[in-house]
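Which chain is which? They are A, B, C and D, in the order written, and residues in each are numbered from 1.
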């Protein structure tokens, strides 16, 4: 039992100086009230429609997980094809994806995290076409967690003392309960989240199997949510085991049926990766020669399905599926 | 255990870390490269009851090896037979709560006080070379009880003061600096392991404590930008065994992407270890 | 994008005046380091051993869910049998349980929440033997959520403006990000949590099916955790579907095999309630005549199993099991 | 729809609330009593596409009715065929995020500004009668866009100023009082429903807007400690229908614990409604 003497103020010991995406819990609530469907309304549409409707130039975007693992790649490709501009990217646990988005001319700002900093990213930085603000992976997912709770900030136990702190939106305050210096970080409410899941119904009730990064916080924290799914399942199936639903329909604005959307990466329980193309994208991004990859896999096709048809083929898809032998906990 | 006849520098560091892995302790492996492979090697050979998490919140898996390229987290083989599956905040929260004994990570630069730079070479915002950022390493370095850093022995890496603190060491080295910055009490850097040497800390300053047999202390110091503290007696590390390198090559880093990424080779000529090409 | 001008301080607009359970994130970390087994160590023991070892007089205790639904009743009864004294109870989503613990002479303080305020509770209050501090159910589970993250406090969007706020540990501050008045509440790290689950292995890896109150936050936030389980399952079974594990072994200090521990309440998927005894306990607590109930169901027996044998019998247990016909999502 | 011949006062309030339930809107039912039964009644008869949560984080269930006694949350029948299962913080967080259109709750006392007391009758800490506390109602009243309060019409319940604000109404009634206390913008009390009447708010003050046919405005005002505002025209509420009370009695509150807990009975004598015994 403790009674701490009450300070009339809390000291702010240090503040990061970077711009951060607007924090407006009440405004977010009003967006939810006015835009999120609480009725069970079918939301199936193509990747093209979903991106046209729900991704705007200048949007702050987050995605789960990354290009190589349960990546929402059909949607990422479509965003590049539609040449969305000046996106602000949540660069947590990313790998090749930021380099691709920068190479495709879609990115304006990045909150990092982690991303492969490639020649094209460095060129964009040097040319003043890209700004980077500094966080770390967990700090980014905790920012999303705060956004997913509708609160303006959250205390954390890491990030203090780093130079990232100075180039971020974090603050060091004196905790009014213990009197100890404590870092708080600003909530993150992206404009749009794109998330690839194993199963969803047409309303957006989504099942995710295996480990993840921040699927659920991203879905709750974002104003617009596009879910792509390996399989569309019936709502009866959802109701038969409510314990498997990770994201409820009311968070979701668009549902895209997208088998093999994670190609060339893996979707656990569904298919293994295509190692040759994984190495191809990795090498081309790392070397700054991302254009040929984008030309072949993104701009040279009109849709994800066309890409699978033209560039991949049945034999390879079946082989990827065959090599994914682990099922426990990954299939309903 | 049999002496390994030939091995790469990177393999040396991984084997050294593997031998530090303890039963009944928890490890957070940064990313999916040398830290993860070092822990797996230690778990397979020396400490089967060591448990680990990765950034995707997998808890105590028994992964199906080898991994496919770049598929060391989130993939089915990587999270196979875990005791629980979580998310990045799972890993973050357990480390905030003090459940993670050791963090194992790697870096581009480390300074006298164990601060880590993986963000920027040069002056931030005023020209220089942007790198990939801390990833999960910031939280590992902040919240695990002890952190083990793996890096290469090079003047460009062992520097007086990092250009940018991506993940915290002892900050300015003063007592209580971490606590004043909001970090948990009694945490911080513990060991640095390179292909040539091992370091600990004395009064929050890096101290050389051991070397491999084929490198002298002077050679090590020549690859530090500043002179670290020296332990009263510099121990000699055991070289890799045949079991270790075989396991590394056949089950873990089967494509050699991690172990061969840097450093030369060391060969046993029947009497002594000889440093070969590469570097 | 927003850059807010930086105040050097954060204003504390109002502070509740109640004592609150000690907040010490660093001390909690040290407790974890020194006491929580990170090795896989078998922890099976009897309810008697578990309570002797892990519940001390004066402890702050939380439990999931309540006496009527997936209640850790075998452990609650044992705590009363062992006459633990002066417990500080997390009174969130409770029902008859607080009245029982007060009636049994075990309770010294309650953070409420919600509990049936019965004649015996009122007598204890009037006699100065019981203190009550004011929160609400969600405020209590959010306090546990903060405790489960190892942070000292968390912002919330409710509780402001209530008189509960004044008799609590909450504060109203000016959010440094939006400038808006924002309530923060103190983290809660109980000394002990008791949680009844459907399945656990001998190490404490626990599966919970159906909805819940705050099982996982309670397990993470508490220094000592006793899990009782309807069934002990093999660790191979746990590893076969890691997606079903809600509480990992390292949080758990004791595992008690306790079939029908939720009696007279329900454990979803396993058995329905015993309506007659549910009404019996409800009526006796509400009327302040809790002693006869305790005498029959708690003090008059030496263990939960003896209670089942002497007071319930096979036919009734089989009938409760039979009446629980719903399985979807509730059985692995 | 057929006129019900006889019904209890509590049934009247529940039927009134049931008719307010709208398709495509979300409801958080406080506890498992009259609020939950009112929503279920409305969902079954008028608005099948209304969705609700309860404190255990169940999302949009299709419960197997009737419930066993006291088993309206967490039990298998109560969470049956939901779209998702969660926890109390699930309910809390979705309401913080603005996903909950309506909160439905009941109380012991309500005052002129819609503040709710379920904690203490008398002066806290200085003698009086301790009650059960707010439960989830505080968060419901704070965060749902609109709250519907169900209570009985009694001078002891409709009071000038509650002894203790357990769940917030418009606080002191001044503009912006809720926001100044940290609560979300544009939320607050919306309707109060009793067996005799319905109220809304004008400038954050309770206003009588409708009455049941068998009670006069004066009788209602006699059961208020203070005089609430009066709408320019006091509407007359439709009495319960046979369908409503049958459903309530056969599928919902089959043991009558909720509906019969308080209030007298009303009987249709062929020409008019007559208030019978009880109370």
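In the analysis below, contacts are C-beta pairs under 8 Å (C-beta built on N, C-alpha and C of every residue); 3 or more make two chains touch, one makes a residue touch a chain.
As the structure is a prediction and not an experimental result, all values here were calculated from the model.
Engineer: Touching both subunit C and subunit D, which chains are there?
Structural biologist: Common neighbours, subunit C/subunit D: A.
Engineer: Return the chain pair with more inter-chain C-beta contacts, choosing between A-B and A-D.
Structural biologist: Looking at A-B and A-D side by side, A-B shows more C-beta contacts.
Engineer: In whole angstrom, what separates the CA-based centres of subunit A and subunit C?
Structural biologist: 35
Engineer: Could you work out how far the Cα centre of subunit B sits from that of subunit D, in whole Å?
Structural biologist: 60
Engineer: Using mean CA coordinates as chain centres, what's the gap between subunit A and subunit B in Å?
Structural biologist: About 28 Å, centre to centre.
Engineer: Just how far, in Å, is the C-alpha centre of subunit D from the one of subunit A?
Structural biologist: Roughly 40 Å separates the two chain centres.
Engineer: List, in ascending order, every residue of subunit D touching at least 2 other chains.
Structural biologist: 58, 79, 81-82, 85, 96, 184
Engineer: Could you list the positions in subunit A whose residues touch two or more of the other chains?
Structural biologist: 25-26, 150-151, 156-157, 180, 182, 210, 239-240, 242-243, 328-330
Engineer: Edges wherever two chains touch, nodes for the chains themselves; is that graph a line, a ring, a star, complete, or other here?
Structural biologist: If you draw each chain as a dot and join those that touch, the picture is no line, ring, star or complete graph.
Engineer: Let me make sure I understand the interfaces: which chain pairs count as touching?
Structural biologist: Pairs flagged as touching, ordered by label: A-B, A-C, A-D, B-C, C-D.
Engineer: Across the complex, what residues on subunit A touch subunit B?
Structural biologist: 65, 68-70, 91-93, 95, 112-117, 121-122, 125, 132, 134, 136-139, 141-142, 145, 156-164, 167, 172, 180-183, 210-217, 266, 268-269, 272-273, 275, 278-279, 282, 324, 326, 328-330
Engineer: Touching subunit C in the complex: which residues of subunit D?
Structural biologist: Contact set of subunit D toward subunit C: 55-58, 64, 68-71, 73-77, 79-82, 85-89, 91-92, 95-96, 119, 124-125, 129-139, 141-143, 164-168, 171, 177-184.
Engineer: Quick check on the complex: what are the subunit C residues that touch subunit B?
Structural biologist: It comes out as residues 25-26, 28-33, 36-40, 148-151, 205, 220, 235, 238-240, 242-243, 245-246, 248-250.
Engineer: Which of the residues in subunit B come into contact with subunit C in the complex?
Structural biologist: Residue positions touching the partner: 23-26, 49, 51, 58-62, 79, 81-85, 93-94, 96-99, 101, 145, 184-186.
Engineer: Under the stated contact criterion, what part of subunit C meets subunit A in this complex?
Structural biologist: Counting only subunit C, the residues touching subunit A are 1-3, 6-12, 15, 19-26, 150-157, 169, 171, 173, 175-178, 180, 182, 184, 186-187, 209-210, 239-244, 328-330.
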